[in-house]
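The structure that follows is given in the form of structure tokens.
Letters A, B and C mark the chains as written, and numbering starts fresh at 1 in each.
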Amino acid sequence: MIQHTSEQRPLVQMRQVQKFFGDFQALKDIDLDIQAGEVVVVIGPSGSGKSTLCRTINRLETIDSGEILIDGEKLPEEGARLAKLRSDVGMVFQSFNLFAHKTILENVTLGPMKVRRLPAAKAKEEAMALLERVGVAHQAQKYPAQLSGGQQQRVAIARALAMKPKVMLFDEPTSALDPEMINEVLDVMVTLAKEGMTMVVVTHEMGFARKAANRVVFMADGQIVEVAEPEEFFTNPQSARAKDFLSKILTH
Amino acid sequence: MDIFDLSGLFLSGAWGTLRLFLLALVGSLALGTLLAAMRVSPTPVLRGAAATYVTVVRNTPLTLVMFFCAFGLPILDIQFASDRGLNSFFYASLALSAYTACFVAETLRSGIAAIPVGQAEAARAIGLSFRQTLSLIVLPQAFRTVIPPLGSVVIAMLKNTSIASAFNNRELISAMRSGIEIRGDMVITILIATALIYLVLALGLGRIFDLLERKLVILR
Amino acid sequence: MKKITFLTAALAAGALTLSACGQEGTPDAGGGEGAAAGDAPVYEVAEDADFSESDTWEAAQSNGTLTIGVRFDQPGLGNRPAGADVPEGFDIEIAKLVAAHLGFAPEEIEWVETVSANREPFLQNGTVDLVVATYTINDERKQVVDFAGPYYVAGQDLLVAEDSDIAGPEDLAGTSVCSVDGSTPAQRIAEEYPEADLVTYDVYSKCVTDLQSGSVDAVTTDDAILRGYAAQSDGALKVVGNPFSDEPYGVGLPKDDQVLRDAVNDALDEARDNGYWTEAFEYTLGDSSGVEQPEVDRY
């Protein structure tokens, strides 16, 4: 299962990252490399800092010290260079965050047209292909609120993919979904993983981790406690925290 | 002078009010949007400048703002036209715009605050700049959210155009004053007619805002 | 730096003008330097006055108060200076001498401010018994109220800088002339002298400010009003003295009270004979040489 499709090249590097919310340390001594083509699932109890970790990678959360590099380039401060870098990092949110005043199609074409300066016709063509791929092409003229949660999340994935990102971040992409819609989103993500997309996925879906992940990163109290291949992690966790966590979620 | 001359008088008065209103509408929306954008900008200097402007101008009577424009600007040699009447029209429009912009900005700011933070995060995540995020995602949604209160601000401005009659502008109040001078026997009729014209204009505006609200409402 | 000083001064002036709205600058109508000095005229109150056939008079008599509508904002004519309880000016003197004829002493008069918009309504609904308020007699107004008098024929004139070459309305082409928005003088300039650049404000004091700063070349309205401003300018401003309209000022009365109208007309005729009119004029507007009291029009 673990075979890296592209050459060994760290796309995301986190070095001694520290993050505070006031007195509370949300991220502690984070060191993590993510190779091109790798799928990394981040799990851990709530409040463990896994979402924060995900959000620091495209600087939606700033960090207090340490450094983060994307494809070898240090994450810039605010400004045009940060925007440029963000366009290379796709992000999918727990609450979808589709632009409420724009149609499904406009949601997907906006980035390519405004950031990549693609002509409208070209952007539309690519967007329709992406919507087709995630199975919502027939909804292209509707507004986000007219779609189910699962459909909205698939559009959100298409929106991120439209930027042709180097890496995709998923911040609990199925947590806000009704159970019957979870699989339609996971299916899209599994396909994406198989195609070689570099992905960081914060999730509670152990099935996805087993099926698609190269590595599982287990976090607790803002620290990375354990990193392992999925099979290894689920069958033979090393740390007491991981054992405790797994015993709680797997019995349900 | 009979009642038909008076209707001509009121027609030209209504046009005077309308053109003041239209120019000030464009001016106040533009300046108000700029001020609202400054107030949410990451640059402290811009935030401070916009907040100071809004605090000072919003708490100054419109009559005084008109005084500044109509009597202060000529002394600074700021003229918009060689024709005095046209100049006074621009001064009054500027005063109305500068004043109403504060209320537009505050209304918009409340609209911006009502938009889920995820909208801006998603915009930044696909690589939009701060300006693009504001102009393509945040402000369009903020405008749609605040259409009803913005309607009230705009209707208040329509009525505030009446102050311009005291500063060399011919509009509905001028027409009313002329009408009263000409036909002292019809004072009550003339007052009611004036009120009715304002009412019709304001109702028309209200209708436009109702339509806009229905057409542009955002489902969440 | 100089400009800033200018601006500050202008804005201060503007603010002053603003705060002075409604009372305008006063030429000390009660015997100040602008008017002929002297004691206030005293009009003999007719103790035996009886006009009980007039409903208006009868009601006023039983109240013990005659209510008269006057201007509070026209220097020299009807003006209430800041802080004063009672108004002063030529209209006020006319009102007092008419009241005396009707049997009311000055302290039995209640003064009510009237403006263009409320003179007719106030007479119609009985808020006031008489109006003496730069009230031009015309046919439209005669439809709804009656007039006694005229007691004065004003004429539209021009107030200009002391060194101005403007000698009459025919010199106005290409100059800017200021008046009050919607007023008859403003309408006349717009209609009959369209080559003049008309500037209108809500009060004459703004026009005078503009004239003093050179922003306009002339201010126009009835000569009686302009005289008041000229008088308080210390010689910087002058009235051209070439009136180009007739504005017969009348005493407004409720419609169809013939007894009261005759009584007021009698009062004005008497004022000519006993010199009250001249006293009133000289006390408030100054030298009366060349000015005549018009014949009353008992239409």
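Following the convention adopted for this analysis, a contact is a pair of C-beta atoms (placed from the backbone, for glycine too) under 8 Å apart; a residue touches a chain by one contact, two chains touch by 3 or more.
These are the chains along with the protein names UniProt gives them: A = ABC-type polar-amino-acid transporter; B = Putative glutamate ABC transporter, permease; C = ABC transporter substrate-binding protein.
Every value quoted in this text rests on a predicted model; they were computed, and no experiment measured them.
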Q: Could you leave chain B out and let me know how the rest splits into touching groups, if at all?
A: A | C
Q | Geometric centre: closest chain by C-alpha means | A | B
Q: Determine, using the mean of C-alpha atoms as each chain's centre, which chain is farthest from chain A.
A: C
Q) Roughly how many whole angstrom separate the Cα centroids of chain B and chain C? A) 38
Q. Where the CA atoms of chain A average out and where those of chain B average out, how many Å apart are those spots?
A. 45
Q | Rounded Å distance, chain A centre to chain C centre (Cα mean) | A | 83
Q: Going by the contact rule at the top, pick out the chain A residues touching chain B in the complex.
A: 58, 60, 78, 80, 83-91, 93, 95, 97-101, 110-111, 114-115, 143-146, 156, 159-160, 163
Q) For chain C, which residues are in contact with chain B within the complex? A) 3, 6-7, 10-11, 13-15, 18, 116-121, 138, 140-141, 143-145, 176, 181-184, 186-187, 197-203, 206, 209, 215
Q. Which chain B residues qualify as touching chain C in the complex?
A. 1, 63-64, 67-68, 71-72, 74-77, 83-85, 88, 165-168, 170, 173-188, 191
**Q.** Residue numbers on chain B that touch chain A, as the complex places them
**A.** 42, 116, 118-119, 121-130, 132, 136-137, 140-141, 144, 216, 218-220
